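Got a structure for you, questions after.
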Amino acid sequence: MSGAARDIPVGALATARAVRAGEVRARQVAEAALARIETFEGELHCFNTVTADAALAAADGVDAAVAAGRDPGPLAGVPIALKDNLCTRGVVTTAGSRILEGWLPPYDATVVRSVVAAGAVVVGKTNLDEFAMGSSTENSAFGPTRNPWDPGRVPGGSSGGSAAAVAAGLVPLALGSDTGGSVRQPASLCGVVGMKPTYGLVSRYGLIAFASSLDQIGPFAATVADAAALLDVIAGHDPADSTSLAVGFEPVSPRLDEGVAGLRVGVISDFLADASPSCVAAVRAAADVLGRAGAVVEEVAIPALMLGLSAYYLVAPAEASSNLARYDGVRYGLRVDGPDVTGMNGRTRSAGFGPEVKRRIMLGTYVLSAGYYDAYYGQAQRVRTLVARGFADAYERFDVLVGPTSPTVAFEIGAKATDPLAMYLSDLYTIPTNLAGHPAVSVPFSLSEGLPVGVQVLAPALGEGAMFRAAAVIERGADPQARGPIEPRATKVAR
Amino acid sequence: MTPDTSPGPGWEIVVGLEVHCELSTATKLFCSCPNAFGAEPNTNVCPVCLGLPGSLPVLNARAVEFAIAIGSALGSSVEASVFHRKNYFYPDMPKDYQISQYDAPINVGGRVELADGSVVGIVRAHIEEDTGKTTHVGGGGRIHDADYSLVDYNRAGVPLVEIVSEPDIRSAEQARSYVNELRAILVATGASDGRMEEGSLRVDANISVRRAGDAEYGTRCEVKNLNSLRSLGRAVDYEAARQIALLESGGRVVQETRHWNEDEGLTSPLRSKEEAYDYRYFTEPDLVPLAPSAALIAAVVAGLGPLPAARRHRLAGLVAADGSPAPVDQLATVVGLGLDDLVRGAADHGADPRLALARAANEAANRPADARALSSEAFAALVKLESTGKLSATQSKTVLAAMLEGGGEPAEIAARLGFEALGDADLDAAIVSVLAAHPAEWARFKEGDAKIAQFLLGEVMRATRGRANGKAVAASLEARRRS
Amino acid sequence: MPAVTESFSRDDVVYVARLARLDLEPGEVDLYAAQLASILDHVAAVTGLDTTDVPPTAHPLELENVLRPDTPGSTLDRDEVLAQAPLAEAGRFRVPPILGEAP
């Protein structure tokens, strides 16, 4: 596909190479991205905020560095979109919520500083389910994002805006956050690559917290190589995050194409039981691709993983209920006045939070409350251990695991909105990874009646290297029609 | 009702104290904002201590060392620990949860030995973050009648150690003594400057009563807003009396939190809940466990100087070498003011330890900073002048005051002031003239009235303008009586 | 541990809404009670599992002793902070009357 202007390379690595080499100016690239955003934003609503002026200024800065012979960074001039739960100093950051409508953070998230230092050009903040709670981006207070493959369908969530922005070719790179699948699932539904790093590999400082022991920031890109490049920029120890891993991280990009000869691959049979036929078929086909490339592929049952959903919907809301207490109308954000502070808190939070957030806050408060803590939260933490042990046993025999990312392709906007439980089931295959703190990636693989199907590769903690190599091989064997960037479809797909 | 300040016969007061001390770190507990008093409101704040969305806590190493020092000084067991979130809404709480320690605190157990030798047990001492400060506008500045409130988060995130005592305290005086001792320990460790009036030491009291001999504890009330040792003592007495009166009239003590009103001298119930608040404690996911190494603990312990109780024991041993115990009050005063090194140093230079202790506790204590600057050699010289009779007690005190004021050597000062020992002949003459002037009193003294000796001694001192040596006078009078 | 037989009742909703400072309309209470009961029924499957001798996982990581030196760093500009405050006065955040002490 072509950009709005001639000569703009496609993809992050190609763009950076060209900018660094002086073949194309970062300014041109930024203008092209902004023009394309303007063309399609009305329909798609990927962005809550587009930072056009700042983007052009940043692009000019990159060009100046190149002209002066300074190193402009590995992502020089590459437009990038940031999920709107990443703090950006002086740029509105809403977390998709009325309660933070118009809020200007006085500081940047660490990952934002990292991508800027790498020369990437931030073009805006993408739409999300409110406080990252959701699997469709329909819970945003500012309206849903539409799937570029079919505007009547969801892009997935919670990082729907970022996934759709990459899928529609608005930007080659985006950052999202993944607590129960919120990068991988929208990646699958939008036909792009999305991955969640090992817990602690990427700093959470500046990520508006949903569930602290599960949240991780992850990259979106159209290709595995681009996603790897972005991961390499954002990974690393941050002293501002006590849960940040201090071990040296080995960049994954240099060894991306080393292949999978001898790699032991386990296909998670439990995940195939309830997924749609096209999702199951995609997994099996991807497994065959790996087998033909020299991997040793077998099925494996890890029944403990199926306990994950229940444990997640106890742990995550519990942590969220505490993380979201600070939105009380006192220091920032929305305030609805009341006769006293308590009244003000109550009215503010009622007006400021949407129904899904309220449900999770109440559920979380309940499971932590006196008398219920042990039976629910305490028990969920023990089930978490069971999930981790299930994975650990499997990783004695396998290097990576594969399975579907999502049980279904993109569903219609509104189809699951009235049934919270049905929505939660979207995360069945992604949640266990978050509970264990492991990495996983979704790779676009095939189409099912015109809609993308992604395949998930899972690895043990700090197993990003093998995981990405397997993803690269799967990508080579995937249907090239099944991945973005695409021209956003104007009409709904008739099925 | 004016409460009697002692519990009626048959009643026992039971008090446990929770003391929060601000640590003397340079920065806050979870961020590197300055830990400083008196800055302009909301100028020592950052995303972390404001609890801004996306912020994360990182633990201050020095706060941990101080906590270990406090635990070691209290004789606690320093354990591996974790942090918890204590969840509740209040405007001075930036995150609407406080990061504290719940069921796995860093310091477990311990004891505090008070100046009088009694012991108060310690349950635990843990690390937690402080809240911001609210000021109330309108209605006289008190919370209940205010029109609105203003919040300053400079103090939010300041490191605290909360020390919880066993309910071993049995009187207002012992409560005050406990807080005093705790403060001395904190100052000795360097962990906190422990100033109640400045708020770096805050005390809440759990007070109950029971019939003497009862094994079960009575229902307790928590009393807050104790801003001084005096308030603490008054509140203990008031609350105990209130509960006793209630129980004696057939009523029941309701478990509640009460507010001490300093102006009116009473406690009143706070407009709060009846049952325990549901804080929903859970392990803080943004922090990792704390497991101080044996080496670190040993290093902290090694860096601790001798603590007040040990210093009192050491000094007592020195003084009691002459066969009778050292006065407890004097030991407490001298150690409390950091003057024990002075006394021990004087003893090293040959001064009589008991007299050195007395002069330090009774006179030097009036100017503690200057006393701490005195050389122990000079102090020893002064004490020796008095103990050998070259200076009377009164003269000695005068010379000491001069030394504290402007320095100098005691012998030179004594000479300058014209203090010489009263010669024997002059002393005799003075005594004779006093006895002649007070024949009735002399007669009573001769008949064995010991109390009249004080009067006669006083008259001799007046006649000699304080130059007589008290002991010498007493000896002389005694000798005359017998002869 | 106690067998969990109660689902999310109306009273439970009222209780947690109060704890969490969420003002709900009467109609909302019933709606949320029904939704939360359904969710809880589903996830309560975990409460029946045998987890004897299974320790809880509080963190996915095995880190401990993450500390920072006691060195002052930069603070925020007060104007930038207060510019985001819903209401500020005299350099402080202004709130409606606080009726009681902290719990």
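For reference, chains read A, B and C in written order, and residue numbers begin at 1 within each chain.
Keep this in mind: contacts are C-beta pairs under 8 Å (C-beta built on N, C-alpha and C of every residue); 3 or more make two chains touch, one makes a residue touch a chain.
Quick caveat, the model's predicted, so the values are computed rather than measured.
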{"item": "Selected interface, A-B versus A-C, where C-beta contact pairs are more numerous", "value": "A-C"}
{"item": "Chain nearest the overall C-alpha centroid of the shown protein atoms", "value": "C"}
{"item": "Per Cα centroids, the chain farthest from chain A", "value": "B"}
{"item": "Gap in Å, rounded to a whole number, between the CA centres of chain C and chain B", "value": "40"}
{"item": "Separation of mean Cα positions, chain C and chain A [Å, integer]", "value": "24"}
{"item": "Whole-Å separation of chain centres (CA-atom averages), chain A against chain B", "value": "58"}
{"item": "Chain A, residues touching no fewer than two other chains", "value": "103, 106-107, 213, 239, 242-243, 321, 325, 328, 330-332, 341-342, 345, 365, 369"}
{"item": "Contacts with two or more other chains, residues of chain B listed in rising order", "value": "47, 50, 58-59, 89, 91, 149, 151, 278, 280, 285, 287-288"}
{"item": "Junction residues of chain C - those touching two or more other chains", "value": "19, 21, 58-59, 61, 63, 66, 68, 76, 81, 93, 95-99"}
{"item": "In the complex with chain B, residue positions of chain A that touch it", "value": "85-87, 93, 95, 100, 103, 105-107, 109, 204-209, 211-213, 239-243, 318-319, 321-322, 325-326, 328, 330-332, 341-342, 345, 365, 368-370, 373, 377"}
{"item": "Contact set on chain C toward chain B in their complex", "value": "19, 21, 58-59, 61, 63-76, 78, 81-82, 89-103"}
{"item": "Contacting residues of chain B [partner chain C, same complex]", "value": "25-27, 31-34, 40-47, 50, 58-64, 82, 88-93, 131, 134-136, 143-144, 146-153, 224, 257, 259, 270-273, 277-280, 283, 285, 287-292"}
{"item": "Contact set on chain A toward chain C in their complex", "value": "103-104, 106-107, 199-200, 213, 239, 242-243, 245-246, 307, 309-311, 313-314, 321, 325, 328-335, 337-347, 349-350, 353, 358-359, 361-363, 365-366, 369, 371-372, 374-376, 378-386, 388, 420-421, 424, 435-437, 461"}
{"item": "Footprint of chain A on chain C - complex, ascending", "value": "1-2, 4, 8, 12-13, 15-17, 19-24, 32, 35-36, 38-40, 42-47, 49, 51, 54-61, 63, 66, 68, 76-77, 80-81, 83-87, 93, 95-99"}
